[in-house]
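Chain naming follows the written order as A, B and C, and within any one chain the residues start at number 1.
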Amino acid sequence: MKSTAELQEKSVTKIDTKWRFIYWRSAILYLLPSIILFSVFLFYPLGKTLYLSFFLTDQQGNANVFVGLENYQYILQAESFHKSIKATILFVLYTVPTGVIISLFLALLANEKIKGVGIFRTIYSSTMGISVAASAVVWLFIFHPSMGILNQLITSIGGTSIDWLLHPNWALVSVSVTTIWMNIGFSFLIILGGLQNIDDHLYESARISGASYFYQLRRITIPMLSPTLFFVITVSLINAFQTFGQVDILTQGGPSESTNLIVYSIYREAFVNYQFGTASAQSIFLFICILIVTILQFKFGERKVHYQ
Amino acid sequence: MKKLLLLFFLTLSLLIFITACSNDAEGEEPEEDTADEEQQADESTENEETNEEEAMDEKVEAVFWHAMSGSGQESIEAIVDNFNQSQDQYTIIPEFQGSYEEALTKFRSVGGTEDAPAIIQTFEVGTKYMIDSGFIEPVQSFIDEEGYDINQLEENILNYYTVDDQLYSMPFNSSTPVMLYNKDAFEEAGLDPEDPPQTFEEIKEAAEQLTVKDGDNTERYGFSILNYGWFIEELIATQGGLFVNNDNGRSDEATEAVFNGEEGLRVFQLIDEMNQAGTYGNFGSNWDDIRAAFQTENTAMYLDSSAGVAGTVENAPFEVGVAYIPYSEEAERNGVIIGGASLWMSNGIDEAKQQAAWEFMKYLQSPESQAKWHIDTGYFSINPAAYDEEMVQERWEEVPQLKVTVEQLQETKPSYATQGALISVFPEARQQVVTAMENVLQGTDPQEALDQAVEETNRVMEQANRANE
Amino acid sequence: MKILRPTITYLLLIMTAVIVFFPVVYAFLISFMSGAELLQGKFIPESFHLENYQKAFERLPLAHYLWNSFFVSTVVMLGQLIVSALAAYAFVFIPFKGRNIVFFIFISTMMIPWEATMIPNFLTIQQLDWINNYQSLTIPFFAIAFGTFLLRQHFLTIPKELKEASDIAGLRSFKFFWKVVIPYCRTSFVTLGAYGFLTTWNMYLWPLLVTNNDQVRTVQIGLKQLQTQEMASEWGVVMAGVIIVIIPTLILLFLGQKQLQKGLAQGALK
């Protein structure tokens, strides 16, 4: 009896090492395309960016003066970079919570089981199909100081027209409004999907016990939806940090650098001012910021998430 | 249903992939051109045609990168077309490359190689960069070789692109700032529409009268400037002020920005005072916005590019006047610096291609081409002979305001100030000036704002010098 | 109460739909207006003439651009599906050592801001001599962490029994993948496909950088060419361009909306 058991165990470990190798080999085969592409187009450039951030670059973009941490020292003390950081933080605060709340609201509406709701779902999700370039151009016209519909509406009811893109405070708000609108489609679709995955029985029993709509919302919907919301918030955060197109088209970072978000500032440094060194330093800074925020979010956010 | 959709997608994409590949191999796709697309016909078809022609008689092809969109693109492609048909040795292929900055970015990466375009259009502030880049062949070498008479061209435009007595690039789309004003509003406010304000003080007074308020709401501002560094540079230059040291970088490498001197301060003070008095309208940094503000009578006077005059005159529902840009009464009027862009020739490419580029540049200078260009776009003719062409004369009769822009340029006194600054980091400097301007509009002290901008500009200049040593 | 609730819901639905859809309608209306009508600040055009559309098509080879966009987006979509599916398969069905670490590295790529890698990438493309090529517009985007993540989440829901049964039946792993995994996870594939298609269609800065001529340009660049800097923009024509650019994606979205929503939700949930 004993010997057979031993024998069996031996053969199992033998198979294990053999399988381990086979697993490795096939895993690598499957992962190879991704690994190659990531290495060439993400990790290598990231490394190169890190490298460039320690140099000054000449007009051809070659790194030719090693300056150590000087680029980092400079951006950390430069007022315009402080402004960029401030604008980016404000932008994230303006867009992420508002965007998620609006999308949640729309998804709740569109989740009602009534006739013709499909049309509304299609409309709400439509902004996902509209490119950054197209939507920013349309909003540029909406915000137009004299011909735009917003100021025309305001003045027609006797208000004072607003300098949407011209006043530093309003400009960031305007860019945020555009961004929220652009992101609604995607967030809406995900949240709606999440809502539809919630088990109907939960609501039925709540209804039987006579719970109000808002009670159900607070006690059933939101907790059951929390993983979806978590995902939406994570994606929105990352997107907000990487906003570029709408800034380029609407404000070019102005007025008074109030909408000079970090990514836009990187673009300007690199492609208008040809300072690859400082641009790279800013990129690395941004990468670290996003990394920290994401880690924090996973650490503290995921605790509150309720999994089924 | 789901299966169907997936299947549909897959087959569709497969089909597309296959057709596309076979198309690639042939070089071109069958065109969906309709008969009425003649002149602006699909560029790809044009290329196809030229390919065929080349096969027949070995035409030299030269690529021309430009940054003109909208009506400028239309006009430039028409001129290129005319050139290609006017002779049978060369074919110029125009290619749009995005904004000037984007075009320059790409040029930086292909410059000096075989892939470089034969001609690239670069904005005026890129001049110093291009000279230093080592990627370009000064057009002067072709001028000397051929004994080409450059003097037929507008002197004040040549001045800008001439560095150390060498003409580096061929001037092309050139513009200067002018002041546009609403004549009807002038009459309404009791001002003489034929005698527009000339100096800063006069602007201030006129703006006072032109501003219309309705309670808190300003219905019409007196005066506006686009938040664009170019206008500040011009307002400084017209007073004889310099932008950077060493004679605007013309006699020696510029090492310090000096636009925070008295001339610059006067400009910023003017903006600040008018802004505080509520007679200055801020319409941002977008060309279209300030023009719309003028046309919808939200502002009565503003500075615009000469290239925008015709469009504004034609679209405005009122009589538009054009005047020289204002100067400070504490200084003399010096005139304006040329703006816009010029055409550069690459080195490191085939000599035949360079020759093609040179022939095209010469063709561009012809009075006929320039007349067409001037009328289509409102940019200056770099060849003054074009102004005698019938089509221009007719146009001027229609829009006499265009003449003012030319006169202002021709009356300009050549000096270091009006020759314009040469700085390798000009785009950044311009951006700093805009930020300073915006800060002043938000209440920052003019001197402080200017000093800040100068300090920043100096820093990048120093850094650039360090990196390029 | 019974009637009140649907009424309020409808009211809210209509109101919000009007607001959300307004910019599109506005662009649509403007695309029919002449310059003078725009200046007068009209909202409804006097007549629906197609002049602006005609101008947009005359000025640029928009049909060719549309075709390029369509081609590039489709290739990227297919590429992403294949590459992500392979990677996701490995993460779910092959219990190799270090799986979690590799997966974390994959996910972390989502956090690299694309702009941070733009400059070196551009130089790489140039060294590969891919400028003005469809390759430069497609291949760099084949690997996408989001796609791997989305598919992995769905693959995880495939019952273990299915895999075991197929192992016993002697299905080779590729066959298992083809016969079992793909049919089981269709929604995710459709979702990822649509997502890839839309994001590629919407790319803007990258195509501008890596293309120099009209042969391979995409339609978003066309949109940029309709706007002008120093001369006056014709807003009517620009808006006509906007409408031309968004219609294909909107149609795609309308068709695939249900699948998209289901698939995205699955990715987000697990």
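By our rule, a residue touches a chain if its C-beta (ideal position, glycine included) is under 8 Å from a C-beta of that chain, and two chains touch if they have at least 3 such contacts.
From a predicted model like this one, the values you see are computed outputs, not experimental measurements.
Colleague: Which chains are in contact with both chain A and chain C?
Modeller: Both chain A and chain C are touched by B, going by the contact rule given at the top.
Colleague: Comparing the two chain pairs, does B-C have more C-beta contacts than A-B, or is it the other way round?
Modeller: B-C
Colleague: Between chain A and chain C, what's the gap in Å when you average each chain's C-alpha atoms?
Modeller: From the centre of chain A to the centre of chain C is 15 Å.
Colleague: In whole angstrom, what separates the CA-based centres of chain B and chain C?
Modeller: Chain centres of chain B and chain C, defined by C-alpha means, are spaced 35 Å apart.
Colleague: Tell me, which residues of chain A touch at least two other chains?
Modeller: 61, 146-147
Colleague: Which positions in chain C touch two or more other chains at once?
Modeller: 39, 41, 123, 224, 227, 235
Colleague: Which positions in chain B touch two or more other chains at once?
Modeller: In chain B, the residues touching two or more other chains are 102, 105, 109, 292, 296.
Colleague: Inside the complex, what are the residues of chain C that reach chain A?
Modeller: 6, 9-10, 12-13, 16-17, 20-21, 23-24, 26-27, 30, 38-39, 41, 43, 82-84, 86-87, 89-90, 94-97, 99, 102, 106, 108-121, 123-124, 139-140, 142-143, 148, 173, 198, 201-202, 204-205, 220, 223-224, 227, 235, 238-239, 242, 245-246, 249-250, 252-254, 257, 260-270
Colleague: What residues of chain A sit close enough to touch chain C in their complex?
Modeller: Going through chain A, the ones touching chain C are 20, 23-24, 26-27, 30-31, 33-34, 37-38, 40-46, 48-49, 52, 61, 105-106, 109-110, 112, 114, 117, 119-135, 137-139, 141-142, 146-147, 149, 152, 181, 184-186, 189-190, 192-194, 196-197, 227-228, 231-232, 238, 241-242, 244-245, 248, 263, 266-267, 270, 276, 279-280, 283-284, 286-287, 290-291, 294.
Colleague: Of all residues in chain B, which touch chain A in the complex?
Modeller: 101-102, 105, 108-109, 111, 129, 132-133, 216-217, 227, 282-286, 289, 292-293, 296, 298, 424-425, 427-428, 431, 434-435, 438-439, 441-442, 456, 460, 463-464, 466-468
Colleague: So in the complex, which bits of chain A are touching chain B?
Modeller: 56-61, 64-65, 80, 140, 144-147, 155, 160-161, 163, 165-166, 168, 252, 254-257, 268, 271-275, 277
Colleague: For chain C, which residues are in contact with chain B within the complex?
Modeller: Chain C reaches chain B through residues 35-36, 39, 41, 57-59, 61, 63-64, 67, 70-71, 74-75, 77-78, 122-123, 126, 131, 134, 186-187, 189-190, 193, 208-209, 212-215, 221, 224-235, 255-256, 259.
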